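Structures incoming, each one as structure tokens.
Here come two complexes built around chain A, the first alongside chain B, the second alongside chain C.
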Partner chain A sequence: MVVLRDGMCPGLSEEMVVALRAADITTVEDLLSSDTEDLAQKCSVSYKALLAVRRVLLAQHTAFPVSGDDLYEDLMSSTAIVSTGNSSLDKLLDSGLYTGELTELAGGPGSGKTQVCFGVTVNISYQLKQSVIYIDSTGGLSASRLLQILQKICKLEEQMEALQRIQVYRVFDIFSLIDCLQSLQCTGLQRASAGGGSVKAVIVDSVSAVISPILGGKQNEGMSMMMQVAGVLKTIAKDFNVAVLVTNTVTRDCNGNLKAGLGQSWSHVPRTRIILQRFESPGSTCSSLRTATLAKSSRQPCLLKEEFDLQCWGRSEDQLYEVSGKRKLEKNSPY
Partner chain B sequence: MRVVFLTEMTTTIAKMMENGAQLFARLDGRRSLKDIEPHIFPDGAGPVQGDVVEFHGTEGSGKTETLFHLVSHCILPVDRGGLEVEVMFVDTDYHFDMLRLVTVLERRLGEEAREEDGVAAAESEVQVRACLARLYVVHCSTSVQLLLTLHHLESTFCSRPALCLLVIDSISAFYWVDRSGGGESVAKQEANLRRCSELLERLLRDCRIVVFATTHAIMRNYRHSGQASTASLTPAAAETSSSSSWRQWSSTHASDFDRPYLSRAWQRLVTHRLLFSKGEVTQDKKQLFSAACTTTRTVGAKCSSFCVMEGGVQFL
Partner chain C sequence: MQRAVSSYPFAPSVKVKLLNAGFHSAADLCDLRPLQLSKEAGISQEEAVEVLQAVRCEPGQERAAASQLTALELLEREQELGSIVTFCSALDTALGGGLPVGKTTEVCGAPGVGKTQLCIQLAVDAQIPVCFGGLGGKSLYIDTEGSFLVQRAVDIAQAAVEHCGLLAEDAEQQESLKEFTVETVLSNLFLVRCHDYVELLAETYLLADFLAHHPEIRLVVIDSIAFPFRHDFDDLSQRTRLLNGLAQQLIQMATNHNVAVILTNQMTTKVWNGHSKLVPALGESWGHAATQRLILHWEGTNRLASLYKSPSQTEATVRYQITAQGFRDVPHSNQPKASVDPTVSQSGSMSKRPRMEEV
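Showing the complex of A and B:
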């Protein structure tokens, strides 16, 4: 709803606003949906002036179509694929997190969602030398764990540089999450890139922690706020060309299969979804093994499955080469 | 006073006049999409000018893939088996994946020419670009913006006779935000969608375009859930089944999530309804999808099943 005010566009005088209000036209939508000719007669304002106002308002408030050709050109020059730092996950994601998209990690407690977020954060800030915005809604962010991962792979001054590129916001309810996202949107992620390098990823761990308390019952404010969060995240991803990574819980459907939480409406929101699970094998004592299943993707066949080790982010490059036996790019893990 | 009256007269007349292109676009310029995909639509009942096709399904049931299949068919040149018409894609979900569309296009263009050398690759790039030039994409983030953008597009549609198809993915994107924004009154909750529908109705009538729109299946169908066959015997179901063919069809074939929940103004426009669902996984690990098409012009439903390959939708 965009309320008509005088001075919001040239030609829209105070008298005109008052006249329109008398005819029950208070918003831009009202004005554009009604017949200009009838309206001019009813409010006794000049048809020409009204038509001019209508044109300006349309130009101000609409989104403009882009030719597919130009969009493709833009996309090819601006899209970056941000490696997660783990070759198995990269394989599922078709070589990494795509900027401009929303990717979701879903998994039960202890399935490694937060650890994967840490790994991705460290990889972007240290290996790719880019900034990350980390929005923590569970209090699960541990700076010492980030440092621990960094300590294993780099020297002291590099550790500090890498940590400076990680901007942390703590929010504990949906209102502060929306607030935080909207202020990031207004500043254009400017402030966050203080540590050098541009912001390449926004991580929200987790969306379900703030959204699930407001859902349920017969009220729809909760649903509305959930969709607002989704909307802001998607516009941030597209407008600033960053990769957005969110985490979510899982539930089981009627056949007992795992599916992402937060219900049907949210299920349409992420472009790519990975479900994380503990790797269950008899006799296995190693608890850092996880399986990742691709549950939604427009690039790869779904239900692809990969196993990976959560500890791979903490391995130094020497260890990496030792295990793999040959020199690989730093983004490749030993598997 | 008389001068004012005269100027108003001239502007009114100017508004009533149209140029040749507009007249052409309005009268006979648009192509019919009747034979766009015989696998999906019933024989002879494909979408013609003025039709609205609703794509309804849960997440991951193949709606977007099918849309890409149809859009690529529209923008491909005639000598490659396409329709060579222009398409306006309104993306409200921010799900439009250009890279995916390009992959589909490349595959369809490369079906005949299979050379791997650089010349062929460069040529295919030029052809893909030529196809993409027939596509326009616009992103909308609120229902108000959608409404105003549709108003703005009205003139675009009038002046471009090659523009035959308007795709809205999805029309239900702002459902929850609008519902909560409208307060207690249902009329207010639905105001924006109602206005969009009224505007679309006018566009369909005056410009003779075809509209494809997706709706997310987010409402669980409690009445029919479980015992679909007994549900059709209840008076309520019998009453609705007499009203239209798809109600009848859905009361016997109901999936859990096929309840139409959007504003009546929108429901009234829809002439074809495609219900998507996810099938089982075959032995060679292919996910099957199925689409059931019901129209207001035919009786019963036309079912088709497909799987999604790298090159797009493949019908079985």
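Showing the complex of A and C:
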């Protein structure tokens, strides 16, 4: 729905635009869907000129089909799989977060979504030495926690370097979020990648905090804004080959099962969805164990479950093996 | 850039008129004059000027550059902000130094467990001078239940002043003690009384201005946020929307004005699968609102505080007590094994306050 304006293409002059408007043709769509001969007579414009303009506009505004082969080649050369740093989550996600796609983490309060985001961030910025963009809308981002995780796995200079590769944006309402995403789309991503390594992931924590106040009730703009956010996130993922990770709340459906929040329309937006829960074990103390369930995926069968420890990101390789051995021991011990 | 007109923060009527006139994206609008736009879309001149300003100023460059930080810069800022002590060292350690400035904390508990006492203690502690390790700021107390008692605040302030007096060693600390008296503590404590949720929402809208005029405020207490929203609310989905919007405004203020926000919540009973357990009120979606969540509960005659949700601290449970001087530690010899899961209720013993004399 592009409005006709002079200078849009050679041959479309101001007088022609005015003449067309008098005949009720204001947008490109109107021009292309109307009969050229008729229009030429009504507006007293030369038939040849109108035909030329029409041809140029068609060429400018058509989408070009791509063959499956080319698409496959493109995909193979541009998609990367970003590991989350945790082998259980990687197993669920079919070896990691795929660039060009939206992945969602849903969970109740205290279920560990922000901690998983921290772990992924640290893994990308330290292990993979790439940049990450972290958009925080809940105030849950704590740089001292990021430092804590880094301190256990690397030395001081590397810690500072890793922290510098993480770009942080703090937005607290839907319009700031859209502004921020739009600016990232225009210029931000190139600028962010100037600081060594390209941007490999954009993390939005959380997307439900800014959208839920505007959904429902007598407001009719909520859905539209939600879909705008979805559109921009998907465009960023596709155009810049980044993995987008968002977090969401959970609600219960009529059978009492957990499902992701924000309603039916949003549920179609992410490609993969993982639901996090606290580990149900008898006599549980405040532990850091969580279960992750795969709720939506185009690559793995759904309802796969994995258990993992939230503290695994702050441990070195040998410690990880130690821990898993210890856990097996605990399962067999009498208490 | 092709940004849709409907994603801008214009009034709905303006948006509808723009869309009906055929303007769907920012690119359609940017070449127009205000007069042209107001004629074509049928909106007033002022609205046309606003629309064009919003569309043209590519907010990309300036605003993004202003709010963009690297994690390293964020770390430096966090370390400058500090935290507010609670005078209970076990709780301070669990919280990582005290109540963090720049974040929202929610305190939930059954009636009588000590939420208001903690709030009054924090309102006094926020004013401890910098040379004693405090923040030297002012406090704002928004009271919705009417549970703030000035006499109690005087007692707590007196105990805090005496405590600092005992600690004062060098000349600088003696100097600052002269400004830290009960009178100054009370005069730096701003009290607002809200009677229903409309007043509370209005107060939060005005809060941003108030904080801009009083930049020394370091603590905002809302005691309690549950009370106005639990009574006389027919439309529960509206309540959820209002609460979520409120939470976002509070975290925005905490971040932009460097204040610590503490909210008090009540408990409600959830019955499912034949069990009942005590959970914080206001619903499950409210659980995401605050950055940190502290649950205060009883275990026999002991009062326990559990850190249930935090982005940077591990979960922990500590004991505390309420004395005549305020919120304090329990003397070391009496510390029991405090590792009970706070969400598991034991046959209702935690829902009722034990009816016996506290020794």
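Just a few scattered comments:
In this section, the second predicted complex is superposed on the first by the 313 of 335 C-alpha atoms of A that agree within 3 Å, B and C clash if a C-alpha of one lies under 4 Å from a C-alpha of the other, contacts with A are read in each partner's own complex, and residues count from 1 in each chain.
Quick note on the criterion: a contact is a pair of C-beta atoms (placed from the backbone, for glycine too) under 8 Å apart; a residue touches a chain by one contact, two chains touch by 3 or more.
None of the values given here were measured: they were computed from a predicted structure.
In the superposition on chain A, A:186 makes contact with chain C only, while chain B stays out of contact range. Of the two partner chains placed by superposition, A:245 touches none, neither chain B nor chain C. A count of residues in chain A touched by chain B and by chain C gives the higher number to C. In the superposed pair of complexes, A:163 makes contact with chain C only, with no contact to chain B. In the superposition on chain A, no contact is made by A:294 with either chain B or chain C. Legend: residue contacts after superposition of the two complexes on their common chain; A:303 is shown touching chain B, with no touch to chain C. Legend: residue contacts after superposition of the two complexes on their common chain; A:213 is shown touching chain C, with no touch to chain B. In the superposition on chain A, contact of A:224 is made with both chain B and chain C.
Once the two complexes are laid over each other on the shared chain, residue contacts for A:237 go to chain B alone; chain C is not touched. Look at A:202: by the touch rule set out above, it reaches neither chain B nor chain C. Once the two complexes are overlaid on chain A, the chain A residues touched by chain B in the first and by chain C in the second are 1-2, 220-221, 224-225, 228. Across the complex, chain C is touched by residues 1-3, 5, 26-27, 108-110, 114-115, 118, 134, 137-148, 160, 163-173, 175, 178-180, 182-188, 195, 206, 208-210, 212-217, 220-221, 224-225, 228, 249-251, 261, 284-288 of chain A. The residues of chain A lying in touch with chain B in their complex are 1-2, 28-29, 32-33, 37, 40, 46-48, 51, 57-59, 61-69, 71-72, 75, 79, 102, 220-221, 223-228, 231, 234-235, 237-238, 263-265, 267-268, 271, 295-296, 298-299, 301-303.
Those residues of chain C that touch chain A in the complex are listed here as 1, 3-4, 6-9, 12, 22-25, 27-28, 31, 58-61, 63-64, 67-72, 74-75, 77-79, 96, 102-104, 235, 237-238, 240-242, 244-245, 247-249, 251-252, 254-255, 284-285, 287-289, 291, 293, 306, 308-309, 311-312, 314-317, 339-341. Those residues of chain B that touch chain A in the shared complex are 4, 7-8, 11-12, 15, 58-60, 64-65, 75, 88-89, 93-95, 97-102, 128-129, 131-142, 144-145, 147-149, 151-153, 156, 170, 174-177, 179-181, 191-192, 195, 198-199, 216-218, 220, 257, 281, 285, 287, 308.
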